[in-house]
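In order of appearance the chains are A, B, C and D, and numbering begins at 1 in each one.
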Amino acid sequence: MPGLSIPSLVDQACLIVHGPDQPGIVSHVTAVITRNGGNITALDQYSTNDQDGMFFQRIVFYRANLTAAMEDIQADLAETLAPYGMTWSLSDRSQPKRMAILASKEDHCLLDLLWRHRRGELPVTIPMVVSNHSTTAEDVRSFGVPFFHVPSQKGPDKRESEEAILKLLKGNVDFVVLARYMQVLSDDFLQKLGVPVINIHHSFLPAFIGADPYRRAWERGVKIIGATAHYVTADLDEGPIIEQDTVRVTHADSVTELRQRGAEVERSVLSRAVSWHAQDRVIRTGNHTIVF
Amino acid sequence: MPGLSIPSLVDQACLIVHGPDQPGIVSHVTAVITRNGGNITALDQYSTNDQDGMFFQRIVFYRANLTAAMEDIQADLAETLAPYGMTWSLSDRSQPKRMAILASKEDHCLLDLLWRHRRGELPVTIPMVVSNHSTTAEDVRSFGVPFFHVPSQKGPDKRESEEAILKLLKGNVDFVVLARYMQVLSDDFLQKLGVPVINIHHSFLPAFIGADPYRRAWERGVKIIGATAHYVTADLDEGPIIEQDTVRVTHADSVTELRQRGAEVERSVLSRAVSWHAQDRVIRTGNHTIVF
Amino acid sequence: MPGLSIPSLVDQACLIVHGPDQPGIVSHVTAVITRNGGNITALDQYSTNDQDGMFFQRIVFYRANLTAAMEDIQADLAETLAPYGMTWSLSDRSQPKRMAILASKEDHCLLDLLWRHRRGELPVTIPMVVSNHSTTAEDVRSFGVPFFHVPSQKGPDKRESEEAILKLLKGNVDFVVLARYMQVLSDDFLQKLGVPVINIHHSFLPAFIGADPYRRAWERGVKIIGATAHYVTADLDEGPIIEQDTVRVTHADSVTELRQRGAEVERSVLSRAVSWHAQDRVIRTGNHTIVF
Amino acid sequence: MPGLSIPSLVDQACLIVHGPDQPGIVSHVTAVITRNGGNITALDQYSTNDQDGMFFQRIVFYRANLTAAMEDIQADLAETLAPYGMTWSLSDRSQPKRMAILASKEDHCLLDLLWRHRRGELPVTIPMVVSNHSTTAEDVRSFGVPFFHVPSQKGPDKRESEEAILKLLKGNVDFVVLARYMQVLSDDFLQKLGVPVINIHHSFLPAFIGADPYRRAWERGVKIIGATAHYVTADLDEGPIIEQDTVRVTHADSVTELRQRGAEVERSVLSRAVSWHAQDRVIRTGNHTIVF
């Protein structure tokens, strides 16, 4: 999909800078933008301490003919930030990130993302959906999105399934969303993939880590259930949390009803996390996230 | 405080019935009320299954000159329900339950309960506040409530403190509220006390069971924090949950700010749990609660 | 779709009774159920006053071979309730209500209802979707639901459009849902239709009654927006409210973003209202609703 | 209370800048901070448009020996910002704003502010509470806060009451909070007072503007109620909204219960608005607020 862009975001750039805090960082960074003809329209900054803490910043700026100027701005930033040891990235907001979705049989998160995308609510392209079941193929394709069926294999052949998925994703996507994908991904897969992976867990982590959280919530007799969107790491259910939400339940709700109430929270939490990630609003730091 | 009653609830009774479900229970119970001159104003019923499940019911009814009729109604209920093996209790709603509060240094839950009581929002009397610190004595007494200071003792002398508290409570209260009371009560104490004890835990259980939940929430990087009101059992933080609620937090909130945000949820969750318990809206069953 | 039924609800009945409160109503009604072999699994009752108020009751009961027994139970109820002047209705829960959806261009509420229905979350059948635009035809039909396009006409010809819709609905549906249907229905239409109509209004009524509520919310600078599901009456936006909910917004949200945030609340509020109506949980009284 | 300061905020400054957006503003402003030895710890910026919009910015920075440097920083800012026509203000965060509270009989908002202040949650001093009733005098004074009773007078003598209040407030306070103060303040009073006034309205404005909103909410049969904190202007209930929140209610809630549920939302909404105003997080623009 080369050439595809988001018209309303033409000539808008997003700059993320983070690292050890030092006096003067903000004025140096913003001076770069000014001398390159940019006008800052939104700026969020957060430092963990008054002095010697960690520094996080997201800047959105407008620059006429941004495409032509990108190279110069990048060079200026590189030179200016070199002495500070900061991590930074500059992106053209009119160029949407490419998002692949991995799914299984449950369709609520998958369809919700496809709907929102069609309605123009998610600034991404969706080059593919990959599922270990073929049940949602027709639905997915009705949105004009390619669907690939890669059956899951157990034990030693699991590696084979992962290789097949890797072949599809590698080089074609900027991030991956697990929309209730019911397979655990190996460390090896995550490392080879090399792009962020967002998962939706069907409980308000760290409660009910692991399998079948709605049944366990019912058994414990909780009065609220929830969902958690987080980046996937080698430690299952332990990655940095991006977004969470909860909903009230009562003694009269069966496990099935908890699942239905929960499905609504899941799709809503996941869509917010995806939208924020797509807009470069989420910065990872250790096992935390900064969400601007 | 004999003779003290709630004028607006005069001639109102509350009947709780629960046990193994059997056809005809509802019509037999309601027939008792009708033939004793009562008019049902609210009825909540819940059965766990279509057949052979557990049955839970709360009935509020109006009966002119209730006091005079109580004995007859009790006798009729006893006879009618005898064949069914149900647990039941009948109470005069104009007679408030006697609630003791145990507190420590933190005053937000304590003061909130006292203030709601003064405003007429809690249908209870408060015969005493017992604290292991004397810091809140003046505040408590300014509400016209007796305050007793029983310092906590460690190790073998802990028993002594508990005995002192028991002497104060025994026979004088219908239930006890731990308003951020920072001592673990022994099984022995709970058994001797013999009335329900409600605790407020400063996390959305079962997440962050144990000490210092706000610090651990901050370390995990959660986006919501919460509070849980539950009945106290021998298993710490594992008793039946009465009520829970949550509030959103962000990366910018420090542990101190989590504590402040959390304090608001704690007092609000605890007051709801206390109010429901005082109105006989909560029925315990195993490790769950039915809240009507 | 004759013969279509909900297997999990076979042999379950729902009885709604409401009218002027009188002592003994509950025991008489429940006695009918008992002597006809039913077992009550859920009962909600609410009276507006201790005495001489209005009485509202919903009972769910299980009765083996319900179909065969329906006629007898109806007769018994009719005879028993005759002296009391109550309104009542008895329904077989395994027989889903027939729900038509009227829609326009906006698809979020429409698709959400269709998708929840497919997942088994709404106990209804959907015999048809009628729209004044043809844009959603393909999507609707992909759910196996018939789609009819009836273009809207202005002025004197509006009557003609309404007649065309009436011909489609009349006799074929038990209630109608306006899923962001952007036409005002005439009194004449509502009277001829003769079944309940549920609308979703895109504000927390009574704020922003009328057109373009998101723009007006933005202009007023509110910090929350919401949605309201209500029964449609001759007074636009004034019918009995079934359900409402709100969501937080900020100064940074544009009108477009308010619409997106609001769309999520709309579909969620509408689906709850529809689900409750389908389960006979909503009783209308004057311009209010009782929701059990 | 000269010399009183907040130790944890020593050497922290807050700079607010707003006005017509122009390229380079951010880098010029931040350069001032850098060359005066400050380190920015939090920065929020929002512009209404890519170009030629309105610009809003809040910067918190740390500067060792801030007190000694304030004059130089002010002079540098004045010179730097002179060409841009911006409104700006620089404050020493260790110097709390002086907040007066005006109250009537209802004590929930009043006591909540006093409690929070005593717990260290509100960065203000409270030089006085003024009430048109004497009922809360003892409670207020138990917090060590001066209480003044100024009875309300009707008709032509209303001016007299206002003059008496003005004499107390004038020069002694930085802002005023109406904690359920049940008198309408005249334009003349507001103009003479000359500092911001924050009110808590007991509905989710613009619904139920005017008197007795809970009764009207009950009559309309709404399923949510709410509260709104706003700056007071000459147009009653029409000033810029700072914060709002809502809570669910049901058909079973009486007007009295709506008032009790609402009281909880009121105090919580008001405390957030007060806290944000005290921290210079709220910028007024036309009839809107920017809340950072």
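Here is the rule we use: contacts are C-beta pairs under 8 Å (C-beta built on N, C-alpha and C of every residue); 3 or more make two chains touch, one makes a residue touch a chain.
Here is each chain with its UniProt name: A, B, C, D = Formyltetrahydrofolate deformylase.
None of the values given here were measured: they were computed from a predicted structure.
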| request: State the pair with the higher C-beta contact count; candidates are C-D and A-C. | output: C-D
| Which one of the chains is farthest from chain B, going by Cα centres? | A
| query | Can you give the whole-Å distance between the Cα centres of chain A and chain C? | reply | 37
| query | Distance-wise, how many Å sit between the C-alpha centres of chain C and chain D, to the nearest whole number? | reply | 43
| Using the touch rule from the top of the page, what residues of chain D touch 2 or more other chains? | 42, 46, 252
| field | chain C residues touching chain D - in the complex, by the definition given at the top | value | 46, 204-208, 220-224, 226, 240-246, 250-252, 287-291
| field | Residue ranges of chain A in contact with chain C within the complex | value | 42, 107-108, 111, 115, 119, 121, 138-139, 142, 252, 260, 264, 268
| query | Which residues, counting only chain B, touch chain C once they are in their complex? | reply | 11-12, 21-28, 30-31, 33-34, 37-47, 49-51, 53, 57, 62
